[in-house]
Amino acid sequence: MSIKIGHKPYAERIQDGLNNAFMRKAVSSAQGRFRSGRLKAAEELGDWEDWRTLGEEIRSHTMENLDYYLHQLSEQVEKRGGTVFFAETAKEANEYIQEIAKKKQAKKVVKSKSMVTEEIGLNEALEKSGCEVVESDLGEWILQLDEDPPSHIVTPALHKNKEQIRETFMKKKGYTGSDDPVELAAFAREQLRQDFLEADIGVTGCNFAVAESGAITLVTNEGNARMVTSLPDTQISVMGMERIVPTWEDLEVVVSLLTRAAVGQKLTSYITALTGTRLEDEVDGPEDFHLVIVDNGRSKILGTEFQSALHCIRCAACINACPVYRHVGGHSYGSIYPGPIGAVLTPLLDGYDDHKDLPYASTLCAACTEACPVKIPLHEHLIRHREIIVEREKMTTKAEKMMMMGFAKWASTPAAYKLSTKMARTTLKPWTKEEYIEKGPGPMKGWTEQRDFPAPARERFRDWYQKREQRSDQ
Amino acid sequence: MAIHHREAFLDNLAEQLGRSRKRNVEAPHYSVHPQERVFQGATQEELVEKLEEQCKIIHTSFMRTDLERLGDTLRSVLLNYDVTKVVGAGGSRNEATGLTNFYQEIQLEGYDVHIWDEAKGQENVSFAERAGAGIVFSDITLAESGTVTLFNDRYNGRSISLLPETFIAIIPKSTLVPRMTQASQLIHEEEKKGNLVPSCISFVTGPSNSADIEMNLIVGVHGPVKATYIIVDDL
Amino acid sequence: MKVSLFITCLCDTFTPDVGKDTVELLERFGCEVDFPVGQTCCGQPAYNSGYKSESIQAMKQMIKAFEQAEYVVGPSGSCVHMLKEYPKVLAGEPEWAERARKLSDKTFELTQFLVDVLKVEDVGATFTGTATYHPSCHMTRLLGVKDAPRILLENVKGLNLIDLPMKEDCCGFGGTFAVKNSHISGQMVQEKAEHIEETHADYLIGGDMGCVMNMGGRLRRNGQEVKFLHIAQVLNTQ
């Protein structure tokens, strides 16, 4: 996989999403639970705005000094017996990991959930080198068996129902049980336990690295990340270069924000902080540890007005708050990063050519900005993207450009404004019935496809006001 | 052990940030510190209450005992879970709490007991894989979230709290702190003193769970399915 | 107190009654209201679509139109918020940015002005009926006006106010979004219409004509017999 998923054009993807009744119901109910969980957790904690401020300050300080902290991190990891590889591109990262797999003669690689490895297409790369790759997060495993991309960054299989999951398990793994989620999960436990024990290499992502001590922390609930980092002899952790905090004290704050904003938990079942290789007298944990730090387009965001997009802690609060996401689902975005943060990040990482529609997939209602635990101004970034698409990339239609030039002329010339608003009622008369337009012409079509449009009033406000002034003057 | 491709990578970041490489960064002063206000001034007893409350949310049984009755309490927990194979953490705390005796006793009663011992190598892991319960000591306990912090080391293998179906944590009352803030401060201080941070620190909060299937909460996925915390008063 | 009315292009053209009610309300509380005729549109349709330079032309016209005003008050959280953004948008032109800042500082949304500046919480209105209120996104989240409309409506005699389920969700308007992404927008406003239905209210009240036109247009299309009003129309009843 890469950032981009599928080849369908935007309009088709949206229609697929809108037509998928089960998915929409599932997303809508999940959003409801996520949202109330987040709000409840924030309220219980108290001082939520202070927490957000602190989160923003930590992320901002880290990004401003990213070179320093990554240097410190790499020194510490090396000191603890680990190897650090800085990869500018997805290709470099994959080739390095393929090389390790080759050296280890690895047959089986077991993975815990990681968005960055989806982004760089690590699974395909490892499979090409002859490894069997097993995703061990329940949601990711379901998707892997079904060859389906994730539709949410925290609960990747949100769009699937239990009947579909049962069918996948039956077809791919010979499952014979019911569609009871508990039974399905027990089956996954039993199947994957063997994979954990047999695997030669464990691959993880990284929620946050701690620069001061070289720890890689993983925030999970299922326990699979602990399996991946306890049982195989070799551990490879892949991190987006921005996923780092300076100290343990900073870690604690961003983790507190992450678990609350993501799922409304005070802490998830497992926060695992792993530093280097296992020590000499220890029995479990890896004897060989590699940390791969990935740029893959991120550095182009540094130093720009989009820098705060790198503050993202991948909690999906913006996705869960987004009313557009609720109706179209994750796959409609055509990116492994869906929702508001996806609409901001995807064009930055993967260019505008394939993703120019994403910044417009928002009403700019700012529910995302309000939900973000580190105060990324997501809706403002979306407006800025639109500016770039219009002014730098020149990707909008000529008709739209003409219309907006017309708008500028109209709104900056009171006489033109007055004339057109005066004429509006007459102009729209042919389409008006009982003071409403049910089927409008030209640019109004999109509006009236979905709802009625009111006819302009008989008398504008300014006419009324002028008459009133005249009356009072007399 | 090596670091590859670092300098060009970091030079590029500095260039993007419009400056030369930073060789030193002063610790920042953040404008707010809400984390210090949570449970500020709470007594140890109040923290126990918070922990007990939180246990209900995290699907974890909460028990309270003292040193004298610790063995009896553990025995009742094992009986209750119908477990016969037990893996326990090693180290000096077993002696200090009377667990050494307890383990010997239950072995005589027919339990299959394994105490983690690095000399036994992979045997530790394969026993843990088959064990019904794993028993560990909490190093720092977070009242707010109901979290047991485990500094995994030669005595306390990662597998003990991970592979068996039942997770049993013995929590000395003295290890209770309000929240992760205090635990991370302690680790930060140790790091600053130049002490080795454990290769694995596990913050464990109840049994494993997942909501990946239609957002239904499933308790018990890859890690333990059941969890019991035993608070020991005079520790 | 001298107040210049910022009518908004929508109210000027489509719902002049909202303007009349706003004027009368403000006058009732001792304001001397004028209407600068040079005002046009705040520029938001262009700005939010990425046409910054086009929107700036509108903004400069608005700055000029309201230069003499003591206070500027408008019946729309969204358009008022756009005015508040002017200094940021015009940051590249310091002289204009300064003029924009002056405009921004003296501009208020109607309910915000009533409650925060005039210190009025009970306008003395009477409106008999069952209604639900949609708190528009820009008004609440961007302008930060969350309580004023609720306080004012709660003090209207005879008004039975029912909480709108999922009220903080966007109605799907989003300016050009409603046209450009009309299929998504249609589903969003449909969901809103269903929530309105659940309240069994006779009236839908909103503080932003864009959102009210969107929801009202869908209600009408669905054949739902809910009347829709701007909050000024409710507050100016006697």
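We just call them A, B and C in the order they show up, numbering each chain from 1.
Everything below uses one rule, namely that a contact is a pair of C-beta atoms (placed from the backbone, for glycine too) under 8 Å apart; a residue touches a chain by one contact, two chains touch by 3 or more.
What you are looking at is a predicted structure, and each value in this text was computed from that prediction instead of being measured.
Taken as a contact graph, with one node per protein chain and an edge wherever two chains touch, the assembly forms an open path, each chain linked only to its neighbours along a line. Averaging C-alpha coordinates per chain and comparing to chain B, the farthest chain turns out to be C.
Work out the mean CA point of chain A and of chain B, and you get 30 Å between them.
With centres defined as mean CA coordinates, chain C is found 53 Å away from chain B.
For chain A in complex with chain B, the touching residues are 26, 29-30, 33, 45-47, 50-51, 53-54, 57-58, 61, 64-71, 74-75, 78, 80-88, 92, 96, 136-139, 142, 155-158, 161-162, 165, 181-182, 184-186, 188-189, 192-193, 196-197, 212-215, 221-224, 226-227, 229-231, 241, 246-249, 251-253, 255-256, 263, 265-279, 281-285, 293, 295, 299-300, 302-303. Listing the residues of chain A that touch chain C in their complex gives 14-15, 18, 323-324, 327-328, 359-367, 369-370, 383, 385-391, 396, 400, 404-405, 407-414, 417, 421, 424, 436, 438, 443-447, 449-454, 456-457, 459-465. By the touch rule above, chain C contacts chain A in their complex via residues 7, 9, 11-16, 18-20, 23, 35, 37-41, 43, 45-55, 57-58, 60-61, 65, 137-138, 141-142, 168-170, 172-175, 177-189, 191, 213-214, 216-218, 220-221. Within the complex, the chain B residues that touch chain A are 1-6, 8-14, 16-18, 21-25, 27-28, 30-35, 37-38, 54, 58, 116, 118, 120-122, 124-125, 129, 142, 144-147, 152-154, 157-159, 162, 179-181, 183-185, 187-188, 191, 196-216, 218, 220-224.
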